[in-house]
Amino acid sequence: MKAVVKLGGALFGRDPDPSTIKHMASALTRFVDENNQLVLVAGGGENARTYINAARKLGAEESTCDLLGIQITRANAELLRVAFEGETAAVSARSLTRLPELVRANGVVVMGGLQPGQSTNAVATLAAEITRAKILVNATDVDGVYTEDPKKNPRAKLLRTIHVGKLLELAMAGRVFAGRYELLDPLAVKILERSRIPTRFVSLSNPENILDAIKGKDMGTLVVYD
Amino acid sequence: MKAVVKLGGALFGRDPDPSTIKHMASALTRFVDENNQLVLVAGGGENARTYINAARKLGAEESTCDLLGIQITRANAELLRVAFEGETAAVSARSLTRLPELVRANGVVVMGGLQPGQSTNAVATLAAEITRAKILVNATDVDGVYTEDPKKNPRAKLLRTIHVGKLLELAMAGRVFAGRYELLDPLAVKILERSRIPTRFVSLSNPENILDAIKGKDMGTLVVYD
Amino acid sequence: MKAVVKLGGALFGRDPDPSTIKHMASALTRFVDENNQLVLVAGGGENARTYINAARKLGAEESTCDLLGIQITRANAELLRVAFEGETAAVSARSLTRLPELVRANGVVVMGGLQPGQSTNAVATLAAEITRAKILVNATDVDGVYTEDPKKNPRAKLLRTIHVGKLLELAMAGRVFAGRYELLDPLAVKILERSRIPTRFVSLSNPENILDAIKGKDMGTLVVYD
Amino acid sequence: MKAVVKLGGALFGRDPDPSTIKHMASALTRFVDENNQLVLVAGGGENARTYINAARKLGAEESTCDLLGIQITRANAELLRVAFEGETAAVSARSLTRLPELVRANGVVVMGGLQPGQSTNAVATLAAEITRAKILVNATDVDGVYTEDPKKNPRAKLLRTIHVGKLLELAMAGRVFAGRYELLDPLAVKILERSRIPTRFVSLSNPENILDAIKGKDMGTLVVYD
Amino acid sequence: MKAVVKLGGALFGRDPDPSTIKHMASALTRFVDENNQLVLVAGGGENARTYINAARKLGAEESTCDLLGIQITRANAELLRVAFEGETAAVSARSLTRLPELVRANGVVVMGGLQPGQSTNAVATLAAEITRAKILVNATDVDGVYTEDPKKNPRAKLLRTIHVGKLLELAMAGRVFAGRYELLDPLAVKILERSRIPTRFVSLSNPENILDAIKGKDMGTLVVYD
Amino acid sequence: MKAVVKLGGALFGRDPDPSTIKHMASALTRFVDENNQLVLVAGGGENARTYINAARKLGAEESTCDLLGIQITRANAELLRVAFEGETAAVSARSLTRLPELVRANGVVVMGGLQPGQSTNAVATLAAEITRAKILVNATDVDGVYTEDPKKNPRAKLLRTIHVGKLLELAMAGRVFAGRYELLDPLAVKILERSRIPTRFVSLSNPENILDAIKGKDMGTLVVYD
């Protein structure tokens, strides 16, 4: 069974914490050890935003800002890869074309961003599509999709499911500046929609939950298509 | 001055017509000869759809369908490049990263698609963004954006301007299957929105019109941002 | 056991037929399932000729025409690769250098053209040479080598064997324009001659026959070296 | 005239300051505008060390730590490249092989690290060697080479010149862990020695000083070979 | 004006002689200085044959033998490139696709072999074709094409012209083992034939003669097409 | 178990001897057959020095001389790879990044040089570091490290062990010109020092000894770190 997990940039923070990353790798290894394959897509987080902001202030257009963010996501992905050493073999991928081949040959494939204009969320959806993954788990610093921003309004309610059309509506409301692809950008949602990829939003904070979500346990927010 | 022109796949048709393509290259050369730079992005058209349909029937997921379409757009772009030989130096680009460098060193740069999940319309917007083009001309088989599909309803009216928000709304309505990115897909519109790239939709049928649109003449449909 | 099969462009036609291609993949999978390896080289066919003709009319020299043809052969190869999905793992190769490594690691490797000046027939002979294939099957739209063109003269007789020297003589008679490498071009024959690769010409029309030819059944025309 | 400037990681700090970087680019542009060429090699600084430390704690061996540091130096180099936009054309290089060609065609070439085992100081010496630069300016957070660590001992004296042999001795004393290549590592000194590259150590803090050092003004510490 | 010169491996010998190579570069620089472009293709010579023979005895098939020969031709090409330093800017090319672009931007482009199955003679014909060179000069250790092997029969007569058909006949007589592509292999002749490239065989021994041949002086053996 | 063996350029000589190389491959295959992995790094030897000398006399700077030497080391590595055919699967690597992945998937990986400024000894230490090899065997034309040059002074004594500090001292004494990296250059020693890689110097002349050294037998000179 193949699964794709998008690990939000919050996992890496400003000063990547080895024990948090190691904890995640150890939990996910248990899935791989059961003869499964895993693609992990690392977000950029605060370090990406730091570089993007500096570039933007230097007058860079947004595509170049994206390229800077991509470099940081790749450093984050490399930290993940290192964390699997000693657990299971992990390799890096830098293109979608060879991804199915790499997934067949290795237990874990890590990726960062690929191209300007694409968030790492979009990369994760494309990775799930091209590898025909059974599930895409999108792990961020909130535990699912809420009716409002849970950080601003404590009465915001967690949605158990969300229709892809509603997700698109939310995605359209934000502007896609580099480093600000919140939740899912429109491209990511359109990929979900076209391939109806089983997708669940969960929290980054507990690796066990991510493992459970991969295995199909009902938690966080599930995307529904009908 | 730098301009990006997206040339819709209809220019190439099922059986690419050398005189039509040559006619286009000759007209656009006049712009380049005035010490300007041009990025041309070729669409896929019927040949791309033919390969995409075959792949889809063979069970390919959409990302692989995109990859097949990209191969045909590159062949179309290569035909364009050939058409400039004898007129002016033209080169091909296969990534955005080196595009600004290539544009500085050559009068004409041709491109096809780049990656799954991106239409050639999105490539054209990213190319305009990263090269800081003064104008993006999107030439298709209709002469602008209509209130309705002009091929179906003869009373459809051509819009002189369209707000980026409305464009996004139209883009969201369609599903982004490979080879079916009509008008502009959501990613393309989001790139326009974030960088407010001056953009005009015109007809492919008359190269002189495209030349005029590059030079700022009011025609077709202009995207407005405020 | 390793085998190389050149699948003539006629397999793909103007409008690639998914069921024909799938039928071929299913038959060839039976060979791979018996713990064998297969390199498939796709020809260009009518779509390649369409692009080559357009390029030539636009004034391209022959090397660039070859490059356009190569892009179409790669799209054809990709269709083949897709057809194997669900049957067995297939990957694409774009160079000879890594081919032996890819063949060892995967059941099926698909290729299109590689470089100007080389037909896909030549690619197939080089692939057979560098992988030390036990057999090269060249499947085209006629069922072997005839004394005359069987499409023009119904009394043309199928040769059971042909000496490599005679093959070379036939190859020399034609001019090697892009898209017109009929039967075998001189480079292809010279590669056969230097490595004495067991080679058989058969018809594309029946996948079972190709499978039989791979397994050594006497049919079509066999190249002899002494 | 060609010059190579190594800009220490301290220029970029933890939170890259756009105005500091812009200030540097504006000053260096004045050199380029006088028909000169410049290769700039960006160090990693605190962000590189942050990633390297995380990787090391995750159990990575030193070569992988180097690779992480290299990714950050490339992000730093990209910020530099952006800072030149609007001033003069700048491109990135990722190999030494094409460097002489890129330097000939562009005013400014930026680089980060290249390979495990090489500090960016070593990259700068190799870049100076292969482009036959007239001067290599190594700008760090101290204003030259001191008799002792000036941050620890206020009575440390700045050396006006240092013999390459003495430099080597200092280089050998430290251990070459990733992110800890202080002053110059042994490889860098050995390259200086074999090609006797005119080299000066100056302070990063004032771009005007770096400009003066490029132009040959006596300041900081000069490496002597006899 | 563009010219392609194939410099036979004999120029480099077993122990490449710097003064011979420098002498050649100095002479050819005079052509480039008159605002012309030059592609130089280096043969492999004795060092290539040494490696090829070792590989063949180790059991390598011919494609791998070709690959070894190609590595030596690239080292020879690099020596040529170095010889132009201080004279004029020279760059290396490793593919035909980018060759026209490199030729436009640089006075001298050097190449070695490209792919198994192709001699450097074939590379030179393809380079002449894709760059639309005005002349291809093939310089070897004999001063043109003879009626017989002039090293074996002193009464062999130098042909002033040779028809491409006759050249093909001679080419077909030899077997194309790696390192043994004498005169022109069949692929090279077929490329000449299809593009009717003006081609002259001259002696390597006098750089002035090669320069004269580039400029159109009647010497050695000219290929005729009608 | 993973091992890295540096095979000095003397193995290949001026005229590579197939039986010597085959003998080496056959012996090392016995190690691989016991379910181990082997990285072999080939030195340049006399052929590398021949090209380097020619380049240096043509005025090349040292980085370009290094590049020429690297091309020859890659040809030597390719001969090694060929020698393993028929014994076990061997592949080539051209970067450190993918090396761990290649080592996991193949019994034998061969390498030549990688970059200017690095000897193949340094490549071998980096390869040992990044693959976490259990042992690095450095096989040259002397049977270990001597108190003096054993070719010049017959009373020179073989050291059973050498401290890494002493090794560094010896390395610093020589100048690092291309093709003259004797014993270990400073970069190589620094890599040993930072990762404390178990390293033994032995003689190239007897493949059985190299096999014994890989397996831990006490012979030649062992590097000690405390």
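A, B, C, D, E and F label the chains in the order they appear, each numbered from 1.
Assume a residue touches a chain if its C-beta (ideal position, glycine included) is under 8 Å from a C-beta of that chain, and two chains touch if they have at least 3 such contacts.
Note that the structure is predicted; figures quoted are calculated from it, not measured.
Enquirer: For chain A versus chain B, which are copies of one sequence, does the interface use mostly the same residue numbers on each side, meaning over half shared, or is it different?
Expert: Looking at both copies, the contact residues mostly coincide.
Enquirer: Distance-wise, how many Å sit between the C-alpha centres of chain C and chain D, to the nearest whole number?
Expert: Using C-alpha averages as centres, the distance is 53 Å.
Enquirer: Indicate the whole-number Å distance between the mean C-alpha point of chain D and the mean C-alpha point of chain F.
Expert: From the centre of chain D to the centre of chain F is 30 Å.
Enquirer: Report, in whole Å, the distance between the mean C-alpha point of chain A and the mean C-alpha point of chain D.
Expert: That gives a centre separation of 35 Å.
Enquirer: Averaged over CA atoms, how far is the centre of chain C from the centre of chain F? Could you give it in whole Å?
Expert: Computed from C-alpha means, the inter-chain centre distance equals 42 Å.
Enquirer: Return the residues of chain E touching two or more other chains; collapse runs of consecutive numbers into ranges.
Expert: In chain E, the residues touching two or more other chains are 64, 67, 105.
Enquirer: So which chains actually touch one another? I want all the pairs, not just one.
Expert: Those chain pairs satisfying the definition are A-B, A-C, A-D, A-F, B-C, B-D, B-E, C-E, C-F, D-E, D-F, E-F.
Enquirer: If we count contacts the way the header does, which residues on chain E are in touch with chain F in the complex?
Expert: 15-18, 21-22, 47, 50-51, 54-55, 57-60, 64, 67-68, 71-72, 74-75, 78-79, 82-83, 85-86
Enquirer: Give every residue of chain A touching chain F within the complex, in rising order.
Expert: 89, 91, 105-106
Enquirer: For the complex, which residues does chain C have touching chain F?
Expert: 101, 104-105
Enquirer: Using the touch rule from the top, collect the residues of chain B that touch chain A in their complex.
Expert: Per the touch definition, chain B meets chain A at residues 61-64, 67, 96-97, 114-118, 122, 125-126, 129-130, 132, 168, 172, 175-177, 185-187, 190-191, 193-195.
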